[in-house]
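Below is one structure, written out as structure tokens; comments come after it.
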Amino acid sequence: MSSGVTSAALLPPAGEPAARLRVLYADTDAGGVVYHGSYLRFFEAGRTEALRSAGVPLTRFAEHKLHLPLIEQMIRYRTPAFYDDILLIYVGTSELRRVQVTFDYQVRREPDNEVVVTGRTVHACMDLGEGRVCALPAWAVGGLRLPQLPQAKDS
Amino acid sequence: MSSGVTSAALLPPAGEPAARLRVLYADTDAGGVVYHGSYLRFFEAGRTEALRSAGVPLTRFAEHKLHLPLIEQMIRYRTPAFYDDILLIYVGTSELRRVQVTFDYQVRREPDNEVVVTGRTVHACMDLGEGRVCALPAWAVGGLRLPQLPQAKDS
Amino acid sequence: MSSGVTSAALLPPAGEPAARLRVLYADTDAGGVVYHGSYLRFFEAGRTEALRSAGVPLTRFAEHKLHLPLIEQMIRYRTPAFYDDILLIYVGTSELRRVQVTFDYQVRREPDNEVVVTGRTVHACMDLGEGRVCALPAWAVGGLRLPQLPQAKDS
Amino acid sequence: MSSGVTSAALLPPAGEPAARLRVLYADTDAGGVVYHGSYLRFFEAGRTEALRSAGVPLTRFAEHKLHLPLIEQMIRYRTPAFYDDILLIYVGTSELRRVQVTFDYQVRREPDNEVVVTGRTVHACMDLGEGRVCALPAWAVGGLRLPQLPQAKDS
């Protein structure tokens, strides 16, 4: 919508979605569509399950007094989603650095697989004891490397 | 709506509202009205400011390792509120016991003062160190006794 | 917590839960627990799926220009739930009248099946064209009669 | 935090904040801080009031069957905010094109004026009758040109 990029430009991810969610009234707004802030919840649901499946559940970071707060995020809204839609949340890792990790997202709608939004979240590794950024732990690095999503030229 | 009680049966509270809020898209749902869960946020806004004004801010409880979690709440939805409405949150204390306190709420709409919802929250005093219910502290009892709201026969 | 009623007093429902949800950070608050307002979202998730399974999806009401807004709800918070908990949402119908229906809820935690909250929502049948309460349609009455949940003496 | 940019690099905006908000439990998460998604609500509160003050309230767009949905947004999280903090929301216009408008945001904390987050939202003008993007109306252009915020080199 913003720049003539159609959903068709985004190849569907190869694997299964990390989460499959039904849109509730709680997720919508009086514009009759999913509230723009709700997608951060959907991203969280997908990211949480993707990391659990990859063997690095976020609770394991907490056990090590580590946390992965967002330091940046962005979303591009491509087409609206509606009450009772089923949304598929795809998550991939686009960058893994010493102290931070970046995840990419595609939210698609069943059954036509149309792209609703794309987005990105950047997380720092925080040592909760020290209260500062630290290196991602060795045990997590493999799991944090989720298969990359196909990239749109503009995303 | 549910039982023939009109707003007229509810006398307006005597004093100023504890909070005055503008309805955002974030508060609404695809039914075109304020989402039913949003009123708990509005109650929290009113309760927080009412207790601050009464000299017992909730942060002071936290300083004493105390917390006032909800153990029960109820809401009666009387008429819908809409995007961009201005809502007035009135709060009063309906019961103060040794270990718990009950607040009543009226949410009214400017400028006609129509009653949108009425509700109630019951809070226990929790000792966070001990992890159990405890007596409300002597320093808080006076402040927790907010002026009562006028009661509807059915509320 | 509020009155000495233990979870043991609540028999587990006979059937499957209507929904099974993982608690996200989005559902929690700085008290370290699930935010008290989040349970209305969990109730909505359970109610939506229970009615779909019973053959009366809420979208079918919308197709008939009908809506089932809440006119009342209450929740009793019995024990806190935490980040990453898995919650089971059980829903039953406690009363079906000509123009309104009442659902009861139990939210239990895996794997110990402890009762986290119990609650109730009362819905009116609204004719969106006329803008007023109307009789529940004949096609919906059977589906709206979900099996009752076991009742606690105090709930 | 993410790139060594300190808050000091961001000059405070010249005028008054568009909104001044108290952080509620409803805005926080179990990490003990404001939930990352809550800032979109704070942005909405600031944007709504800034446009009202500028003489182009969003309800006026609705009266003309126009809507300004987000087509893109991004947030940089610079330092956490906490329960009961007072946040100041500053909003400026960074770009005004024929069919879209971009707003920039700074969220600062009282009383030290520290920058908590910065962000941006891009909105398209949608004709709700036609269901497609259209030119921003002539009556709105002046009001949509809010004074620009001081820019950080990296934002």
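Chains here go by letter, A, B, C and D, matching the order in which they are written, and residues are numbered from 1 within each.
Note that in this section contacts are C-beta pairs under 8 Å (C-beta built on N, C-alpha and C of every residue); 3 or more make two chains touch, one makes a residue touch a chain.
Fair warning: this is a prediction, and the values are worked out from it, not measured in the lab.
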| item | value |
| --- | --- |
| Neighbouring chains shared between subunit C and subunit D, ordered by label | A, B |
| Farthest-lying chain, centroid of Cα atoms versus that of subunit D | C |
| Chain pair equivalent in interface to B-C, over half of contacts matched, among C-D, A-D or B-D | A-D |
| Subunit D against subunit B, contact positions shared by both copies (same if over half, else different) | same |
| Rounded Å distance, subunit A centre to subunit D centre (Cα mean) | 22 |
| Inter-chain centre distance, subunit A versus subunit C - centres from mean C-alpha coordinates, in Å | 29 |
| CA centroid of subunit A to CA centroid of subunit B, Å | 36 |
| Multi-partner residues of subunit B (at least 2 other chains) | 25-26, 31, 33, 37, 40-41, 83 |
| Category of the chain touch graph - line, ring, star, complete, other | complete |
| Of subunit A, residues touching subunit B in the complex | 25-26, 28-33, 35, 37, 82-83 |
| Touching residues on subunit C, where the partner in the complex is subunit A | 22, 24-26, 40-41, 44-45, 48-49, 57-59, 83-84 |
| Subunit C-facing residues of subunit B, complex | 1-2, 31, 33, 36-37, 40-41, 67, 69-77, 80, 100, 122, 124, 133 |
